Amino acid sequence: MSLRRGPPGRLKVTVLLFASYRELVGVESLAVSLPQSTTVGTLLAELRRRGGGWARLPTAPAVAVNRSYSRDTTELADGDEVALIPPVAGG
Amino acid sequence: MSLRRGPPGRLKVTVLLFASYRELVGVESLAVSLPQSTTVGTLLAELRRRGGGWARLPTAPAVAVNRSYSRDTTELADGDEVALIPPVAGG
Amino acid sequence: MPWWEVTTDPIDPAVLQRRVAMPGNGAVSLFLGTVRNVNEGRGVRAVEYEAYGEMASEELGRIVAEAAALAGTDRVAAVHRVGRLGVGEASVAIAVSSPHRADAFAGARHVIEEIKRRLPIWKREHYVDGRSEWLSGTEPTTAAARAPEAPL
Amino acid sequence: MPWWEVTTDPIDPAVLQRRVAMPGNGAVSLFLGTVRNVNEGRGVRAVEYEAYGEMASEELGRIVAEAAALAGTDRVAAVHRVGRLGVGEASVAIAVSSPHRADAFAGARHVIEEIKRRLPIWKREHYVDGRSEWLSGTEPTTAAARAPEAPL
């Protein structure tokens, strides 16, 4: 009781996968429940621990949170849309 | 008779004027008879000596001989087409 | 005003050109990207573009706004097509008009370079030998590092 | 193959685009110059382009050939219109296609820069106040100094 913990609630985010990542994992969209204050980097580690195709994702893929590129240290908020972005090939 | 002169023939060139030069001189095309070995620079001086609009032409306008830009020192040949080129404004 | 779109419809460059036309702007730079019949020595029959649609549209809007600021004009238009495209079809078109030709070129160049660097779009090439593959692309991480609007 | 023309006909950019299209060339840079409604603060109603036709065509051919060499492609097309043009009408159009976008841009840029520097074409602007004037242009002398094909 001497150590103050973070708020007890959890947050839900939606993970999106595209193109080669989608085919690698076999998943297009996934709802994930996470502890408060989870960062993008922590979420990625969590996903890779699921094994299978998830484990074969790159260690540090590009990630967009709510449709903007983000950093590993970005903290997630409830309702965020987190997309794993394979190397792009537009144009 | 001790001094050897150039060949006795003369050469004919056509002088063309465009845009502001044409309007300045009031002439679009002119046949000129010149001594052999006349250069572009000499022709220009000759034209300016005619007075009127000719005298108001720039001292060293751009000149094209047979549709390629030339230098003052270029020697003219019989039948050459010599165009006085005002500052250009294409595009 | 800037205009942009990510769409499955065929691209008509004349439409883009009209969108950026303005009587005071005498220079128009238009860029088209078309599907090539060969890539790295392999014959290509068609290309399938997949997009993270909502983000691609937002990101393209950011790119277009950057180009407008860079070129000092609001007359920037860009469209990226997605879906299956045959050889020779346009996958991307960009138009910038400006009073100054250098600005028009610079604006169009910025848009295509940034599209290639960071637009969340992927390309599966279908080869004449019947196989197909996702094209290895460009890591968009540098865009995140420098994006001024990176969240938090 | 390179293509160029000095003509009184209206310009259709789509025609130029088709002229440079090639299945192996995925990048097309198109440039258009259009008549502006204002120049140096004066309202413009129309512009009359006069050309030294035969030389303009030959010189444009040389410029197009230079651009082709520069861009490493023979897919360069350029057209300059002459005669009386209204505001918004295209006076010049350039198209370059290439496997590489940087080459396409560089080729188109070369053509328009050299057109402005040395094409024997002149412009009389007709202003909304009823007056008209020859536009003061660019001395093309440097072109002569550096032209490798300067006679004699």
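Letters are used for the chains, namely A, B, C and D, taken in the order the chains are written, and counting of residues starts over at 1 for each.
The definition used in the following text is that a residue touches a chain if its C-beta (ideal position, glycine included) is under 8 Å from a C-beta of that chain, and two chains touch if they have at least 3 such contacts.
A quick note: this is a predicted structure, and the numbers were derived from the prediction, not measured.
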Third chains touching both chain D and chain B: none
Per Cα centroids, the chain farthest from chain C: B
CA centroid of chain B to CA centroid of chain C, Å: 52
Centre distance in Å when chain A and chain B are each reduced to the mean of their C-alpha atoms: 77
Distance between chain centroids, defined by C-alpha means - chain A, chain C (Å): 27
Residues of chain D whose C-beta touches two or more other chains: 33, 112
Residues of chain A engaged with two or more neighbouring chains: none
Pairs of chains in contact (touch as defined earlier), listed by label: A-C, B-D, C-D
Complex interface listing, chain C residues touching chain A: 33, 49-52, 54-56, 58-59, 80, 91-92, 112, 115-124, 134-141, 143-145, 147, 149-152
Contact set on chain D toward chain C in their complex: 13-14, 17, 21, 23-38, 87-88, 99, 101, 104-105, 108-109, 112
Residues of chain A defined as touching chain C within the complex: 16, 18-20, 23, 60, 62-71, 74-75, 83, 85-91
